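Got some structures for you, see below.
Shared between the two complexes below is chain A, which pairs with chain B and chain C, respectively.
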Partner chain A sequence: MEISDLTVTATLASLVLDEAETQKLGDEVSRMLSYFEKMSEIDVDGLEPTTHALQKENRLRDDRRLSNEAQPDELLECAPDLEDRFILIPNVL
Partner chain B sequence: MSDFEKKWSEACTQPQTLKAYRKYVEQWEEQIGSFLEFDPLRSLEADIPQGPLTGIPFAVKDNIAVKNYKLTCGSKMLEHLVSPYTATAVKNLQKAGAVMVGKTNLDEFGMGSSTDNSALKQTNNPWDTERVAGGSSGGSAAAVAAGLVPFALGSDTGGSVRQPASFCGVYGLKPTYGVVSRYGLTAYASSLEVIGVVARTTSMCKTVFEAMKGKDPMDHTSMDHTPSGKEVKTVGVLKIEEGALNPEVKASYDSTVERLKKAGYEIIEIELPTLEYVVPAYYTIATAEASANLARYNGIRYGHAPVYAENPTDLMRKSRHEGFGDEVKLRVLLGTYVLRSGFQDQYYVKAQKIRTAIRNDVERWYDKADILMMPVFPTPAFHHGSSDLDTFQQKQADLYTCTANLVGHPALSVPSTMENGLPVGVQFMAPPFEEDRLFQVSSVLEKEFQAPEAPGYHTDWS
Partner chain C sequence: MYQSFIGLEIHIHLDAETKAFCGCKAHFGDEENTNVCPVCMGFPGVLPTLNEKAIQMSYTVARALNCKLSPNTKFERKNYFYPDMPKNYQISQFAEPVGRDGYIDIEIGDSIKRVRIHDVHFEEDAGKMIHAGDMSLLDYNRAGYPLLEIVTEPDLVIGEDAEAFLKSFRRLVRYLGVCDGNMEEGSMRCDANVSINLKGAGLGEKVEIKNLNSSRFVRKALNYEIERQSGMMDEGKAVVQETRLWNENRDQSEPMRKKEDANDYRYFPEPDLPPFRPSEEFMQDVENSLCEMPLVRKQRLMNSYGLSSDQAEYIHEEKYMADFFEQAVFSGAEAVQVYSWLSSDVKKLLNRTGLSLEDCPLSAERLAKLISMIGDGQISGKIAKKVLDYIFDEDKDPETICNEKKLVQISDPTAIGKIVEDVLAAHAQVVEDIKAGDARQMGFLVGQVMKASGGNAAPPVVQSVLKEKVLG
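Here is the complex of A and B:
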């Protein structure tokens, strides 16, 4: 894999790679991708892709709230930065 | 309750035995490091309901939520997260009377075969501390093998319950996809993963599975369990190519076939030509799903955040850069790549079609055999530090286990023999909802060979 290709992929995944990581992970990604090439050997024309192991139909449910034991304040407490009941992030502009 | 279960039910509930039990756990933990958090008292504050598991302590892999316990997933990203809710599977066990005593170590987000990818702790195999306990549910398997708990929960995306169970000499069940609710299991590869059980005996494995299964409104992919009740007569044994297994694992495999014959089962030889495509298809699908599932870690609502970030984009990138380990980054990168526009047909869609081919390949044997047998892993527990099996080889070695995840069928790892001081297991796989067939054969084999006791193992705290 070209380094530019790796950098584009990393940006799409919101990852920043330092120089050492670019080298190490770049090699490993390339190794796995060439391994994935094995899939081109097998003829699967006419087969439907499996997206769910067993379920064939789509499942729908009523659009209503299910109860959850986690309380809103407990969920807020998990945020790294909080002011009153607001989650803080750095300035957008 | 059996004597074994009765002894365990008293470990935490009697004050004098609790003290001895805690001491036993502490001594073992210095050697094996299976727990990230161990605290039976927190669960004992509440009343224990009467049920099939009353008083029996258990551990939970640290990617499954238990209220007021941490949920680290073995990652720096979630090192300080305390879960505000409990997974349905755990709740069901608590309703059956089981007592949750701690959270076990794992490969970061369940990604790995050794537990060496945990960012928080090293876990060693109780049989040889120079070796890994397997992974990703290595902490759970090591804890059960050392007798720190009689059973523990793990999660199995590509073999993460069965492989460590085999490495540590205990039973490891991956149930049918969807039969156990995934609500509260931290998502890695949603179409493949299930919550599974590591246990000391077949009977305990079965009791736990029965207690935790069932359709759950909180998981829309969950299903009712509808078994056929069929008795196993014929076992389809996978033909092993020359050199595919380490000689010790092959010897162990062959002795299980002999035991099955002796027990009166009809044996037929089976072949799975799609087996050579299982690992590439599995890693394509698993990493694609992982890249989407792990997009949620952005340092805003929970998880690691950097000391300083200039803007929201910088916040996300720094959080992920600092919070994720190498293996997680590798899989997220791979998954993002295979899903990029222009590559989807070549990788992701192709892998999903191969998934259909694998299912057809496996299912055709169920006309001739009630249950299928195959190895768990080509080698016994390997050494720390990837010296005898590098991380790429570890992935290739997932071929026998990830088949069951791709097709969604239940599979059980059963202790088979001891080879040069290390336990080795074999694997059985059955049609969807037919966990009972796995337990039938496992119980028969258990009469010949029980889960071996690691030196120092005991369960008597009186």
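Here is the complex of A and C:
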């Protein structure tokens, strides 16, 4: 794997890597990619890609409100900072 | 010398009770972060489940847009980092959307244009953010709201086309009952892309414009952008691919971000949501939820009832009004009369009372009866307007109101003759003037008789009786 590819991937994943980490990850990711290359060798022409192997039927929900064990207020308590009921974060605009 | 190409991406909120993948209420205007749960707030370990009604509405829209419907529709994660989506991806569709390769015929001016639909895909809306000072405020009530995106091919040419398209599309989703189409409140949103090129040279560099909150802005923004790009081409400058924001205060588009650092969304199949395979029964329900398309309806209103294009345009704007119209005609009223009442007196009353046709006390049968009572000479047009007021006030049938209020037209010449004699006696000088040749005064006498009859006398009878008594 080219180091530049790794840098782009890291940026997309919002990861900040220093030079040592880049070097270390570069080797590891290259090894992982080689496993995928191995899989790519298999001839899958004419096969439809499968995303879910064990699905027997549709999994649907009626359009009906459900009460939840976790109350909104409890969920809000997990936020780092609140203003009234808004979650407050540094400006991201 | 240049040719322009416009494509639209329209998002509509599907009018479901709950969100796309969880049982939270899908509703605006509630207190911030009250309609939230671990699923739509992106807590670890949660499992999204597809809302059946929302996916059915999606198939209905795709079907109404003549799309090829997917027998096996799939969900993907669209990855990006922005706090409007706490789980760092949006569940959307990419490889196998609900529908693709459709079209819709729309009316632009006097001609019908076919606009191709690239695809219709289902996704979830993001939360709402307010940026204030050095902080941003987050409200996730809207996160996970069921959203449908409709992408057109670049078949539109100028801003007016796009405006006409949006109006037609809005009407369509309202007919289907899947969205209220309110652009101001954001339940229908539109992004546009536009490119220009020398004639015959194909598409140019695509510029995307966001923040178009009304169909009027869409028209203005696109025409502005076509002008801007034409100006650049004239000067030999290259148009760059970018996203621009429409600034409604300055009436201009402004650069937002260049495409070279555009997001790579790294779509991949959503492991938590299996594909959806519509059953025969589901597809039958979709068929059953279709209705006559607005444009077809408009043409039928013109052909079957003799309405003009403008009249049919007015009547077909809302499905309920078109249904009401046809019901009134079916009950025996003349089509143009029904149109006239709906477009004038009824409309005024609806505006004044703030009611909609659907929930006002006037039914199609009541309107038809009112019109037939005028036709039969039971009441005058003037009395009918009073009766209409009473229908709105008292929620009663027109005959009942006429009986209770003694609003009956007097058309018996003998009865009118008595009123006329009283009026003539009170205005002897006027009678003399008329006899001497001042015919203009006749109108004054008609007015006096009408007033004396409480507005109930039949005007044609009043005129003939007056003529007879004054001029002999």
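FYI, the second predicted complex is superposed on the first by the 87 of 93 C-alpha atoms of A that agree within 3 Å, B and C clash if a C-alpha of one lies under 4 Å from a C-alpha of the other, contacts with A are read in each partner's own complex, and residues count from 1 in each chain.
The working rule: a contact is a pair of C-beta atoms (placed from the backbone, for glycine too) under 8 Å apart; a residue touches a chain by one contact, two chains touch by 3 or more.
It should be emphasised that the depicted structure is a prediction, and the values quoted were computed from it without experimental measurement.
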| item | value |
| --- | --- |
| Chain B versus chain C as contact partner of A:N58, first or second or both or neither | second |
| Chain B versus chain C as contact partner of A:E28, first or second or both or neither | first |
| Touching partner for A:P80 - first (chain B), second (chain C), both, neither | first |
| If touched residues of chain A are counted for chain B and for chain C, the larger one | B |
| Partner chain(s) touched by A:L66 [first = chain B, second = chain C, both, neither] | both |
| Which superposed partner A:S4 touches (first chain B, second chain C, both, neither) | neither |
| Touched partner set for A:M39, first chain B, second chain C, both or neither | first |
| Chain B and chain C contact sites that coincide on chain A, given as residue numbers | 12, 14, 51-52, 55, 59, 61, 66, 68, 70, 75, 78, 87, 89-92 |
| Parts of chain A lying in touch with chain C, wherever the complex brings them together | 8, 12, 14, 51-52, 55, 58-68, 70, 72, 75-76, 78, 83-93 |
| Residue ranges of chain B in contact with chain A within the complex | 67, 81-82, 84-86, 176-178, 191-192, 217-218, 220-221, 223, 274, 276-277, 279-281, 283-284, 291, 295, 298-305, 309-318, 320-321, 324, 326, 329-330, 332-334, 336-338, 340, 346-347, 349-357, 359-360, 391-392, 395-396, 405-408, 432 |
| Chain A-touching residues of chain C, taken from the complex the two chains share | 16-18, 22-25, 31-38, 41, 43, 49-55, 74, 79, 81-83, 129-140, 263-264, 266, 269, 271, 273-277, 279 |
| Interface residues, chain A side, partner chain B - complex | 1, 5-6, 9-10, 12-17, 21, 24-25, 28-29, 31-33, 35-36, 38-42, 44, 47-55, 59, 61, 66, 68-71, 74-75, 77-81, 87, 89-92 |
